[in-house]
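Below, chain A partners chain B and then partners chain C, in two separate complexes.
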Partner chain A sequence: MRFWLLLGTAILFSICIPFMVPYYAMTIVIAALIWGLFAMSLDLLVGYTRLYSFGHVASYGLGAYSSALLILHFDIPVPITIFLATGIATLIAVPITWICTRTHGVSFAMLTLAFAQLGYAMLFRFKEFTGGSNGLPGITRPAGPFGLDFFQSKIGYYYMVLAFLIASFLICRNIVNSPFGKVLSGIRENEMKTQALGYNVRNYKWFVAIMSYMFGSLSGALFTPYAGFASPELFFWLISGTVLIMVIVGGSGTLIGPIIGGIFFILLEHELSEITQLWPLAFGTVFIMFVLFFPQGIWGIFTTISKKSKSNPSESGHAHS
Partner chain B sequence: MSFDLSNKKGLTRRKVLVGGAATMSVLAAPAYLRKATAATPIKIGIPTVITGGYAVLGSHVMRTAKLVEKMRNASGGVLGRPIEFIYKDTKGEPADCVRKCQELVERDDCRIFTGVVVSSEARAIMPKLEEWDAFFISHGNGDGRLTAEFYVDNFFRANTSAPMGARALALYLKDAEQKNFYAIGSDYAWGHSSVESFEAQITKVGKNMSGTVFAPVGNKDYSTYITKILQSGAEGCYVALQGDEGRAFYSQAQQYGLSDRVQMVTEIVSQANIRALGDDSVGLVGGSRYPFTYENEANKNFLSAFQAEYDGEIPDWTDGEMYQALDILFKAMENADSDETKKIVAAMEGLEVDSVKGKTLMRECDHQGENQGFVVRVSDMGGSEPVPEILKIYPREMITPDCRSTSYSS
Partner chain C sequence: MHILECQKLTKHFGALEALSDVDMKVRKGEVRAVIGPNGAGKSTLFNAINGVFPATRGKCFFNGKDITGMMMQDIVKFGISRTFQLTNLFPELSVIENISIASQAKLKGAWLPLGGSSVLAEAKHKAELALEKLKLTDLAYLPSNTLSHGDQRLLEIAMAISQDPLLLMLDEPTQGLSVEETQSTVDILKDLLSSGDLTVILVEHDMEVVFNLAERISVLHQGRIIADGDPEEVKASKVVQDAYLGGFEDA
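== the complex of A and B ==
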């Protein structure tokens, strides 16, 4: 009940954002939501299965380039493009994740990184198709379906991104709360023991990796029509590190935490870069502070405070009296 | 002395209110007028690389912009209004550049851009200019296609493009003893444009290309590329690398003995690279987009102002190109008597300016600036560091490609 109340409040607040912030700020708000979704997709691997992917950028890049190419070559309405691009990228992810989940620990991290780098290299190899280092400019948000042009506007696109984020969050939440999700938690805590109990650990890991790549691709697919551009940076390995930081800062294993981490990261980066040219230094300091003093992340801080206030109702009541 | 406020013949509440309103009106009126006219700054967006591999180029852009802002505002600004530069960090990434420009338009109501460092960033924002009703003048974007197949009305290029730099160098190398050349470039728009232009130009003057290779953006290790060049048997090596990449390549080329066996030539001789290499840079031949040793009145003024501001430092090519672009922009605004995009575009077409590189014509057909072509050699002229010595100056008609093209019919 409390969850639905919180979720409802958050959705209501998000719906009101375009009426509360200046129009220009919506650009960065959309970016923050897309990154929040991307971070949440990695949380399925890192937070729930303890599979540290150093190549999660591959899902983002695949989604981004798929939607860019679909729009440039077929001019398909943007909502349909998003679904198709996510589908295409997920299909590509099936064999990749099958190979990656054959391994454990560092090997898994290295394999995912290798596939991401392979994708990055292929962008330059097939430059006639991908634009190479120049990227793919001039990506629009085609109207439709049924003559619907609401999503072409910035505000309309914001609501679409928001809808995808909420739907993805609810799907992921159902996954992690289902018996399937409990097995994932088992793998996270003790993989050998889970296997000894008769679960096909490999298949569980493979399936969750596909799901993770699917939501990562969705965020990438949402990015290009928003930015109007796809460039090789969307496939660059540094993004894998960035999104991992978002998960840690937000609070891994919580789904909502990485979304907050992604939003926090993008807004902080934006604000700091407005204030000082040394923003990466300030940003690094914030990250170190989180790792040293708040390892449970932003969402962890929130839940700790919430639990404390619940366990001490007399104190809080006294304070308010 | 005391005042009796209750005296109706003296100060009443009505009088106080009327007086207050009148005072406020007097104080507010000039403020309002100022807002509408003289004090409204002309905003110019500088979406440049502040962090990342090309940050050194971005730092040059910003220091020259700061100098120009100071100089211009001290002499009354532009159109009688002060100028204000707004800096944004694009990290050299096209998607970030688009986002930052969008923010400049929507938040700051800033519709004039310059200082974009990477050609692929320029390429990314160009299709958006019309939608934003924005004007963009390139100070250093080299990709030849920006004024050819990617041409848009609201984009002008004041600087020497990659084909122009390669053309000047190829003309110079026509009589050189080297017959075979190898080319290495950065794997993005400018690097490709530069190498392709050089290849086309050098073969046109009767030389051979032994091979070409492109290193990824941000590459640090050039050992495999250097081995390839050494094995190719080329006598000359054309280098299209800038920023951190250029410095890494030249210093590794020195370590591997490439510089001793092969004549290094480059499209852009950069003072930052010269400084990093020290005496090892002496002998490097290349094109120059802005040789600070060029003598004319405009450059003399710029050089003295720059060195006075920055403790005698030598301006790099980015400084000169940025100064030139801003100079051309302000002249166009003054001719247009406006800072509106359409009027600036109209005023800039066909504009000729005495710039720091001699006379520059912003031609109407493709918005490319016609600049003289410079070929320089790095020499030790007894100063604190080696400097580019001008070997040859080619007239702008010979250097500028055909209209909306990256090639030359003659």
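== the complex of A and C ==
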């Protein structure tokens, strides 16, 4: 109940944003939402299954290039392009995640990183197709479907991104609360025991990795029509680290925390990089502070405080129930 | 009809032969204790039966079906559930969540990624029943790593029980417990066994517990079964006394 109230408020607030901030600032707001979605997608792996991917940029880059290529070659209405691009990128992720989830811990991290680097290298190998280091400029937002041109405008695109973010959040929330999600929490806590209880943990890890890549691809697919280009930077390995930090600072294992982490970092980056060249330093400092003092992340702090403020009656009730 | 039959089960760890040609037949509804000194191969026998690792040689049949070489997640589906010698839980999840994950594994739709609230409800219901049987209901909502060692041992049994197994394998359920805790665990196990359907294989060092619960005893020594029989026979056995006796009497 409280959840739906909070969500409703957040949605209402988001709907009002275009009326509250200057038009030019919407550019950065859209980027923030896209990154919020990207960070949330990684949370399925990191927060819920404790699989640390160091190559999550692969999903983003694949989604971004898929939608760029679709728009350049087929000129399909932008919302449909987004779905198709996400689908294509996810199909590519199926065998890759199958291989990655055969491994554990550090090997998993390294293997995901290696595949992301492979993707990066392919961009230069298949220049004719990907534009190499120039990337693919001139990506538009094709009109439609049904003659709609709303999504071509910046504000319209903002609402579309918002809708994708909300829908993705609700789907992911359903996933983590489903029977499947319970098994993930078992794998996170004790993989061997989960297997001994009768679960084929490899398949569970594979499936959650596909889901995670799918939502990551969605965020990438949303990026290119927004930015108007795709470039190898969208496949750059450092992004995997950035998004991992967003998840941890936002509060891993909460979905909402990483969304906030992603949004918060993009807005902060925008503010700070205008006044200082020291953004990477500030970013690093914030991260270290969180790891040391607030490992539960922004959302974790928030929920702890809100629990404390109303805990006493419910807590004693619980212990005896 | 034997519910479990091992034929010449053998396990090598490098040069070490931890299990040597172990033949074992367990009848349905029987409570079998497996005893033997440290390093005799008791846990290895469990691991080879329930698929933690494949046996080097030999076969295992459960209800007449060949389960040799199957993975542990598949063997559970036949109706074999077990606990581990070293407590093996989901430390940060609550007691009821620990058991729910266990019971869910045997339900249809255990893998559903969307919805599935009826599966979750049924898993929880089974968890509550298991909690009652193990007398842990009061602890249901505590994180399992805040429980005492004794309660953690019981919790692991509750997880196994919640899967409604045909064969329950317990690796030293009273290990590290105080005298009182051991007694209450024995009482609880006796309760569980009173229905008589459940088959149990139990590794146990505490001879009092063994003689209290077991109908038959297999004695392992250096990977071999050196005696097999009802408690009186085993107690009287000359081989057993030679191989392994600080004395049952003072245990």
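Side notes on the structure shown:
FYI, the second predicted complex is superposed on the first by the 311 of 321 C-alpha atoms of A that agree within 3 Å, B and C clash if a C-alpha of one lies under 4 Å from a C-alpha of the other, contacts with A are read in each partner's own complex, and residues count from 1 in each chain.
Criterion: a residue touches a chain if its C-beta (ideal position, glycine included) is under 8 Å from a C-beta of that chain, and two chains touch if they have at least 3 such contacts.
Keep in mind that what you see is a predicted model, and the values were worked out from it rather than measured.
Legend: residue contacts after superposition of the two complexes on their common chain; A:Pro22 is shown touching chain B, with no touch to chain C.
In the superposition on chain A, contact of A:Phe124 is made with chain B only, not with chain C. Look at A:Asn134: by the touch rule set out above, it reaches chain B but stays clear of chain C. Once the two complexes are overlaid on the shared chain, A:Gln277 sits against chain B while remaining clear of chain C.
In the superposed model, A:Tyr199 makes contact with chain C only, not with chain B. Legend: residue contacts after superposition of the two complexes on their common chain; A:Ala31 is shown touching chain B, with no touch to chain C. No residue of chain A is contacted both by chain B in one complex and by chain C in the other.
Residues 50, 52, 71-74, 76-77, 81-82, 84, 88-93, 97, 100-102, 104-107, 109-116, 119-120, 123, 138, 140-141, 159, 163 of chain C touch chain A in their complex. Of all residues in chain B, only 50-51, 87-89, 93-95, 98-99, 102-103, 106-107, 120, 123-124, 126-128, 187-189, 191-192, 214, 216-217 touch chain A in the complex they form.
By the touch criterion stated above, chain A contacts chain B in their complex at residues 22-25, 27-28, 31, 124, 132-135, 137-138, 223, 227-234, 273, 277, 279-280. Put simply, chain A touches chain C in their complex at residues 171, 174-175, 178-183, 185-186, 189-190, 192-201, 203-204, 207, 211, 318-321.
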